[in-house]
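You will see two complexes here that share chain A, one where it goes with chain B and one where it goes with chain C.
For the complex of A and B:
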């Protein structure tokens, strides 16, 4: 309401337009306040209160940091997300390099194949990996039938399965951010190096890779945050054998009905992701600062 | 040396593309599996699993998902256009801060938003709101930033001279909005609305907290079933719902969505 009062003096020629501007914004703001701001505030507030007396307490946080189960959940989430970030970036790089540089007619096909799975939804893809990796799934079935192994390999309900599934889910996003970054590299640099006799490998190593570091960083960041906040893939491919914060939060709310502990876990997950994004933003600002300093010095 | 490198490079590309497409192919193949164990037998197949989709068990959640996604697309489309109009077209004071506020839900993971909403509703004693109403509200919160951003981009990109020309020729504001602004931003808004529909239809991390027995969306029904059985009916459900999403995208495309936007606005 106070914003309307503030707006009035600045808006001499079209006061009605400005007021109506705030009026049409009202439904969106109201919705976000009721279903986003207030719930977030309530959740954070709750995490600091006692369940019965509502007195302020740090008990739930102390419990989180002294409880082996929740700490190992935090640790598993971090390890899983780091591995996914690494796999996505390594697997995505050749595709992105091809998409950024190629003018061949295969490019459209590679682009479609690389990105189309995004339309299929997470459940379908996770189900696909389930029937491939499961104890009686395709891989184990084939290996047993061929007589290579006697009992199924532990391919599902563990870190390996979750990393495979999440890498698949996140890969298109990694490819997109890597492609954008590699496309931004001046092609003349590559040509100049080749003319001076550099081999393909040394062009990639000394020119493409160093100049695409911002793309690599953003691919790592996107992959890490998407993996850390994923729910369905760890729930189905990890199950009880590999619990991460996201699936533990769900358990706390629906099975243990321990709201305050669930709130603390959610806040832990949120803080981990915000920290990682913050580091990414700081890296990006430092890099552009350095660049503008360099350019300023050259001028 | 260079030949070996080229070979390795192509090998890497083929392997990664195989990795990407493999699970999709496996699901499509599994949906025609002749036995209830998922098997791959190219010369024996059946479409019986697709017949099972018409059972209430799958039809009910599907219809609920369609209903929720449709309402979410309409509501977030309307709210997003209004918000973008106020911020970009009217440039209300404080529009940058307002835009940042409207986009802020993007920085919070869905699962955290989901817990927060369910805790909030329980604390204020509105558990009765869980189920369809809460699903719609939560999905709109999720989709609104995307729709707002797409509508705002279209509004910021269209040629303001058209609008000024109409104004100098004496068109009223209502006429300009109706005949110039809305048609110009239609492709961007339609893309946003399609995205909102897909976001809602496929959503799991928010829905998982808000569904109620009897009020379950399709993806949640699927993951609940997958906890117990992997049989081919799951493959059929998944393939059918992907076909449905592709149809929706195709229909929106027909009435002037994505590619019209790529080609620089509608006529």
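For the complex of A and C:
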């Protein structure tokens, strides 16, 4: 047995194995270079050139930081994305917890309902919210007809409407991410705690929640980046009064035909998403390391 | 541009359309708009063209004029369609960017029949096939007296009863310009009065919408009683029986000039030129004006009196228009857009 066990790895020399590994990676890398790196490079190059003379310039960046509108757009994008990430994770967590642990016959139904929003297109779902939230929408109509309010509540064309719409759009992704994480927690830990007298709430608070932090971080990051790059929902529910960077980029490309300034805005948006992702991943990596060190020390 | 093939096509077209079907590609891709536009252009222009020249027209209804131009720009003039229906703004930009073919009377003899002042606004890369104007649309069941002036929008009875286009709808730019004229400014260099007027109007409005379809929904359901609107779509509302009517205010108005364009890398340029020539023919223009209820840059067309009195079809109508300098507007657009966001949008309720 041992001879066979030792002989098997020798049959696969290390250099060819590495080569075959590269070969497997090659198609993905090629795809990324052609459809991500090259367009990104073009966009970055474009942002530093003059439209007429093609001479190098920082003009578009100076404009971004000085026009007063672009930085406001970046700020609105960040606030909106943070709120969406928070809402998705808070609303998605109980559903994910149920889906991860339940053996009920309703589980399949809840799972289907949680993912159901993805069956309809994002524009369709957003129009649905518009019908509900706008001044002439379902909620305002009902409240006015009941005599509760005299004039429509400002439920659309603002941050509130966009956060509601985007939370609905992104929620399934948050739920999936959280469910996977909670499913990875050893169920014996939960049972042991309950056998030792911990209440269900206490188990969730002291065991499930801390152990599902990777899922929470992942849900926050996915929700944040999806919300920050969303176009249709902010455009329809935010309107002229609540413009985020994605809608401003669209306007620069199509209406103002200023692709260089649009490139600067896109770079700012990408930088914000990369920074938040980096911070989230670094936090989770350090936390895992500290936990491993603690467990190593205890052992 | 190699003019020879177009000159030969132009010559054949000028000889009374005696063009053999084999002279052109069998398929021509025309990019334009969907909705009512598509149904009318299919019936009034495309089918007769196909029958006359034996060319199959593939109608691509995807994208607005600005989206079409973005596609032309992104593909360096090879967007996959041969003719694009856009506006004079894109025609000028496309010429400047060298992404659209220059059209001349050699290839499209009917260009000579267009009113020169309107043709000049669109520049050498656009064939003006339709003219609308910014009208003042109002509810006939809400306003006892029909408005006659752009200043009517400031009437206190319209407080909370008007809606404005977003700046990304060119109608907002034209409204800004006309308001500037109404308040003693001009259309480019002294635009200050226009911004002051628009800020005032924003306070009077219920907000801003970009799409014409959404804008019209507000007046259809009676939420809004008056607003600026393109007269072609306004006429469609009148024809649908909505209690609305529209006027060309006494201070004058600015036209929306629609153009036919050929991208520089179009596959079937000869057929594209033939299509443009056909669209600009007198009979086609008459069919289009009566079908889509718009105006024409040809002043020699024969149309019913009731349509003529509401559309731009005569020299006198054209003289009453305030023609925009679209090149200068394009230069100012970024600056005006920023100012609009700061000074106008912030004033809305």
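What we mean here is this: the second predicted complex is superposed on the first by the 245 of 299 C-alpha atoms of A that agree within 3 Å, B and C clash if a C-alpha of one lies under 4 Å from a C-alpha of the other, contacts with A are read in each partner's own complex, and residues count from 1 in each chain.
In this text, contacts are C-beta pairs under 8 Å (C-beta built on N, C-alpha and C of every residue); 3 or more make two chains touch, one makes a residue touch a chain.
Every value quoted in this text rests on a predicted model; they were computed, and no experiment measured them.
A.B. asks: After superposition on the shared chain, which partner residues are touched by A:125: those of chain B (first), chain C (second), both, or neither?
C.D. replies: In the superposed model, A:125 contacts chain B only, not chain C.
A.B. asks: Looking at A:253, would you say it contacts chain B, chain C, both, or neither? Reply first, second, both or neither.
C.D. replies: both
A.B. asks: Report for A:40: first if it touches chain B alone, second if chain C alone, otherwise both or neither.
C.D. replies: Touch status of A:40: first partner only.
A.B. asks: By the touch definition at the top of the document, which applies to A:136: first (chain B), second (chain C), both, or neither?
C.D. replies: Both chain B and chain C are touched by A:136.
A.B. asks: Of the partners chain B and chain C, which touch A:241 in the superposed model: first, second, both, neither?
C.D. replies: second
A.B. asks: After the superposition on A, what does A:157 contact: first (chain B), second (chain C), both or neither?
C.D. replies: Touch status of A:157: second partner only.
A.B. asks: For A:262, using the defined touch cut-off, is the partner it touches chain B, chain C, both, or neither? Pick first, second, both or neither.
C.D. replies: First partner only, chain B.
A.B. asks: After superposing on the shared chain, does chain C or chain B touch more chain A residues?
C.D. replies: Answer, by number of touched residues of chain A: B.
A.B. asks: With the touch criterion stated at the top, can you tell me which chain A residues are shared between the chain B interface and the chain C interface?
C.D. replies: Common to the two interfaces on chain A: residues 136, 253-254, 259.
A.B. asks: Touching residues of chain B toward chain A in the complex: what are they?
C.D. replies: 1-2, 5-6, 9, 12-13, 16-17, 19-24, 26-27, 30, 37-38, 40, 79-80, 82-83, 85-87, 90-94, 98, 101-102, 104-105, 107-113, 115-123, 137-138, 140-141, 144, 148, 198, 202, 204-205, 208-209, 219, 222-223, 226-227, 230, 234-235, 238-239, 241-242, 245-246, 249
A.B. asks: Using the touch definition up top, name the residues of chain A that touch chain B in the complex.
C.D. replies: 3, 6-7, 10-11, 17-18, 20-22, 24-25, 27-29, 31-32, 34-36, 38-40, 42-43, 46, 91-92, 94-95, 98, 110, 113-114, 117, 119-125, 127-132, 134, 136-138, 168, 171, 199-201, 225, 228-232, 235-236, 246, 249-250, 253-254, 259, 262-263, 266-267, 269-270, 273-274, 277
A.B. asks: Can you list the chain A residues touching chain C in their complex?
C.D. replies: 67-69, 135-136, 157, 239-241, 243, 251, 253-259, 261
A.B. asks: Please output the residues of chain C touching chain A within their complex, sorted ascending.
C.D. replies: On the chain C side, the touching residues are 66-67, 69-70, 73, 93, 166-168, 206-210, 221, 223, 330, 333-334, 337-338, 341-342, 345, 348.
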